[in-house]
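Shared between the two complexes below is chain A, which pairs with chain B and chain C, respectively.
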Partner chain A sequence: MAISTKNGTKVWQRRDRNGQLKVWAMWLVGTAIFMWSWQQISDATTWAFFWDAPRIAADIGGRAMPPRWGYMDKLWAPLWDTLNIATLGTVLALMMAVPVAFLAARNTTPSAMFIRPIALLIIVSSRSINSLIWALLLVKIIGPGIFAGLIAIAIRSIGFCAKLLYEAIEEIDESQVEAIAATGAGRWQVMAYGILPQIMPAFAGISVFRWDINLRESTVLGLVGAGGIGLQLQGSLNTLAWPQVSLILILILLAVVVSEWVSAKVRGAII
Partner chain B sequence: MSATLDTRLGQPWKKPPFVKSAALRWTMIIGALLYLVLALNSIDVNWSRVYRGLDRGWEFVIAFVNPDFSSRANDIKVGLTESVVMALASTVVGIAISIPIGLGAARNISVLPVYLVCRSVIALSRALNEIVVAILLVAIFGFGPLAGFITLSFATIGFLSKLLAEEIEDMDRVQAEAVRATGASWLQRYVYGIHPQVIPRLIGLSIYRLDINFRESAVLGIVGAGGIGATLNTAFDRYEFDTAAAILLVIIAIVMVLEYLSGIIRARVQ
Partner chain C sequence: MLRLEQLTKIYKTGDKALKAVDLEIPKGQVLALIGPSGAGKSTLIRCINRLVEPSSGKVQLNGVELTSLGSSALRRERRRMGMIFQEYALVERLTVMENVLSGRLGYVGFFRSFLRKFPQSDVDEAFRLLDRVGLLAMADKRADELSGGQRQRVGICRALIQNPSVLLVDEPTASLDPKTSRQIMRLIVELCEERKLAAIVNIHDVALAQMFVQRIVGLQSGAIVFDGAPAELDEDVLTRIYGAEDWSETIQKVDEDDEEDAA
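So, the complex of A and B:
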């Protein structure tokens, strides 16, 4: 808090002079960085296209409406595939995330020196690479199809699930673990009876939450050839079949809304 | 209590199940098994293709140990700069737009019509996948970072405004009321009563969003919306796994640095 005197009256200001200068300097640097970034984007843009955009958008919109409802027959199978990619991918991810989480949590890791950093590295690398990139890679390695998408979703989700899960494990009530250990339980029994019941609600919440995210992500995996409804989207885009594109987009939007609703319901029931 | 204890004494103990109602539990188990059988049957895996691919997978793992930064250094540099620039600019613009929308979407300080409009903008932004938006914007604005920039700004709005609105709804009313009692106008009430309460969280979330935007900008290039994704896609298409590995390593490194920085900054402002 700073009070300065101006013409004999005291004036209140939020910051003193140094504070004010610091804030001002931060804004200056921030603005300069933003302007530089904007210049880069502006240089790489064909502005004629930008000014033409409303006309193009109206044109595409006109072509896309009304959606071609008859195309729906061909979309049920890809939709089922998308659901499978998301669900089985989540299941697979959870199977791998649980051991990683136990290795990464400070209170359950066998060795904080060696194994914990490895587990954390697995978490970071899985989290920093988008599922679309994993799919791109896996399509090259194991061939296009649902399987590549499923594995991509699984690999991508390990980090997310393991991170949230190991944070839940670190927050458990140690006295329960101690009580179980005091009965003479072995390491695995302590896990099964002392730790697992405490993290079960978190585990269920995390899985449903991730399933919701995975369903969103699996709708676009087809763009790189990894199966699901994205494949149809790519095909329709490539043939400029805008009425089909609009139908697929509506379908994706519906799927996202439904999955969010399901996930909110299930999480509400758990908590 | 003692009666139940008496009847329970001498009985073997069983772990209480996670789902209490037995009927619901069995429905869930059987439903899950049924789904698993159906789903697994509908996926046909070409195991011989997978097996043949393992060599290539191993090649990629080797490439990770021995990444090639140099032969495509220029492409990587250009792509990365574009990604960083897109992430920075879209975060700034996204924050600038999210603050008014976030204020409008907080039930305790806005009127109902404004609230509904802002909430629907948020819902729309959150429901649309970034990649889908990018595809449409590339079709409209042409290839290049502008489409990616608009996509990321739009996605930032949904994320930041929602969390900001929730933060404002949870804030301490007393401060805002005290400022209001001095005769402050609506803007002054915001600047002195609400803003100081939400700023630590806003800064933390903004940096987190910068991190997300950078990660997303790495894939937008796959659909032509600028950034390192285009370089990565080309590297994969040409089976240049060592270059691809180098790009992925750079992405991981930048994400880790951003995460570390955001940790420090969040610890300082909170």
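So, the complex of A and C:
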């Protein structure tokens, strides 16, 4: 960037003086904003509650222990529902995400002028709304229950999967595609032989990753009436049944650990 | 027979990659296309099977005009043009067998190819070709497990299983070591002889080209500046193609034929 001459030797520095000053100024402004925000938050905090917090937390913790193991037999069904919401929601999302991704990727879209923007719009609108909010809307539209949760998970996941997938499609090695096209293969054959094998690892990775996320998200969907274990969690919280809450939290933790393990296995197997 | 008439390519950037090239390649002739980087060698080859659309001019393969064909007719004609690439361009995550059979895609319907149900005759031919290039044992390996020379052999099989009447070969040896380069060039030339195939071989390595082909065409800034037998390549000609440089080494090496690498 900055090359100057000192005593006849050429000196190289990363930034010249103006650049250096700009960096310092940016740090100064950044620190000032941080301190100011800290002050605002501090002023808005009721400190009595804050100093109280450890005692309350210890109190709730004490009431939550030991977990009420006997409550387990009421949790198997909602747990199964939660798993189904996550899995079917992911499958449904993938079925819609694959075509959207092909329409959105610059190198496979039939029309960069008209169709690509539509595909990108689908991706953005699906991604911009949290699945809890989708669930809230869908519970109103199609009524409470598992189906609303499933659709909420699916809609939220389309954008995520399609975005990662279309980025993978854009990064493929074009020469392999060219080679297949040069044999006289048709449009769909070029996709099946030239593109599909190249994006399979990405596809597998994205699917299990999203399934993993969806399992966690589907545990809270019950809070808004969209089925799954969240319903029990909300019920227990509302009735201050802390031993049940702790049992549910342990269960969710276990489910997430298992899902992590499964997705690691799947990714390892396919790549 | 392959005939190019006034073939011209102007890229969107305004670069004139090919300037009205006329070229005729009779059946069974292997032709080496030499020239500096950016001379238009790749563009010329790609304009023939229209991986690059020519701007004007004609390409005729056995009497069929290629430049005006619609997309499905073009696909049918592409089956008769086998292509071999510099970086092999194998589908890395498919097996050797799948890669070879992909040369038959133009002859097999979508679902059969998708389910890998190729006709037994194609599978037989694939095994025969793999045997011919010495890779029979590798048929079930994934393409990314092979070495460069082995990959290029698979690339050759994929081109030949199309049963083409012309081979378009783009820098087949540029990513290979000198010994493997010779083996691959020898293999290509032998196979063309066996099958009476015409071939255009883009090649950087002048000495290698002289060693193996009957005819050399020199391309410079999109125009043909030399067309003749390998023996006619002298310092003047090389200077005309590539620009001034001490060429004595390059030419000597051909005579001696004992050093591994040239350019």
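We adopt the following convention: the second predicted complex is superposed on the first by the 233 of 271 C-alpha atoms of A that agree within 3 Å, B and C clash if a C-alpha of one lies under 4 Å from a C-alpha of the other, contacts with A are read in each partner's own complex, and residues count from 1 in each chain.
Just so it is clear, a residue touches a chain if its C-beta (ideal position, glycine included) is under 8 Å from a C-beta of that chain, and two chains touch if they have at least 3 such contacts.
Just so it is clear, the model here is predicted, and its values are computed rather than measured.
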> Clash or fit: how do chain B and chain C relate after the overlay on chain A?
Replying inline: clash
> Of the two partner chains, chain B (first) and chain C (second), which one does A:193 touch, if any: first, second, both, or neither?
Replying inline: both
>> By the touch definition at the top of the document, which applies to A:176: first (chain B), second (chain C), both, or neither?
In response: second
> Touching A:129, do we find chain B (first), chain C (second), both, or neither?
Replying inline: first
>> Tell me the contact category for A:223 with respect to chain B and chain C: first, second, both or neither.
In response: first
> Looking at chain A, does chain C or chain B touch more of its residues?
Replying inline: B
>> Is A:184 touching anything from chain B or chain C once the two structures are fitted on A? First, second, both or neither.
In response: second
> Touch check for A:107: first (chain B), second (chain C), both, or neither?
Replying inline: neither
>> Looking at A:84, would you say it contacts chain B, chain C, both, or neither? Reply first, second, both or neither.
In response: first
> Of the stretches 2-10, 56-64, 74-82 or 128-136, which one in chain C hits chain B?
Replying inline: 128-136
> Of all the chain A residues, which ones make contact with chain B and with chain C?
Replying inline: 193, 197, 200
>> Help me check something: in the complex, which residues belonging to chain C touch chain A?
In response: 49, 51, 75-79, 81-83, 85, 87, 89-94, 98, 102-107, 110, 113-114, 155, 158, 162, 168
>> Taking the touch rule as given, give the residues of chain A at its contact with chain B in the complex, in rising order.
In response: 14, 30, 33-34, 36-38, 40-41, 44-46, 49-50, 53, 56-57, 60, 80-81, 83-84, 87-88, 124-125, 127-130, 132-133, 136-137, 140-143, 145-147, 150, 193, 197, 200, 204, 216-217, 219-220, 223-224, 233, 237, 249, 252-253, 256-257, 260
> Which bits of chain A are touching chain C when the two form their complex?
Replying inline: 173, 175-176, 178-186, 188-189, 192-194, 197-198, 200-201
> In the complex of these two chains, what residues of chain B are touching chain A?
Replying inline: 15, 18, 35, 39-40, 42-43, 45-46, 49-50, 53-54, 56-57, 60, 81-82, 84-86, 88-89, 92, 127-129, 131-132, 135-136, 139-142, 144-146, 149, 192, 215-216, 218-219, 222-223, 226, 229, 232-233, 236, 239, 244, 248, 251-252, 255-256, 259
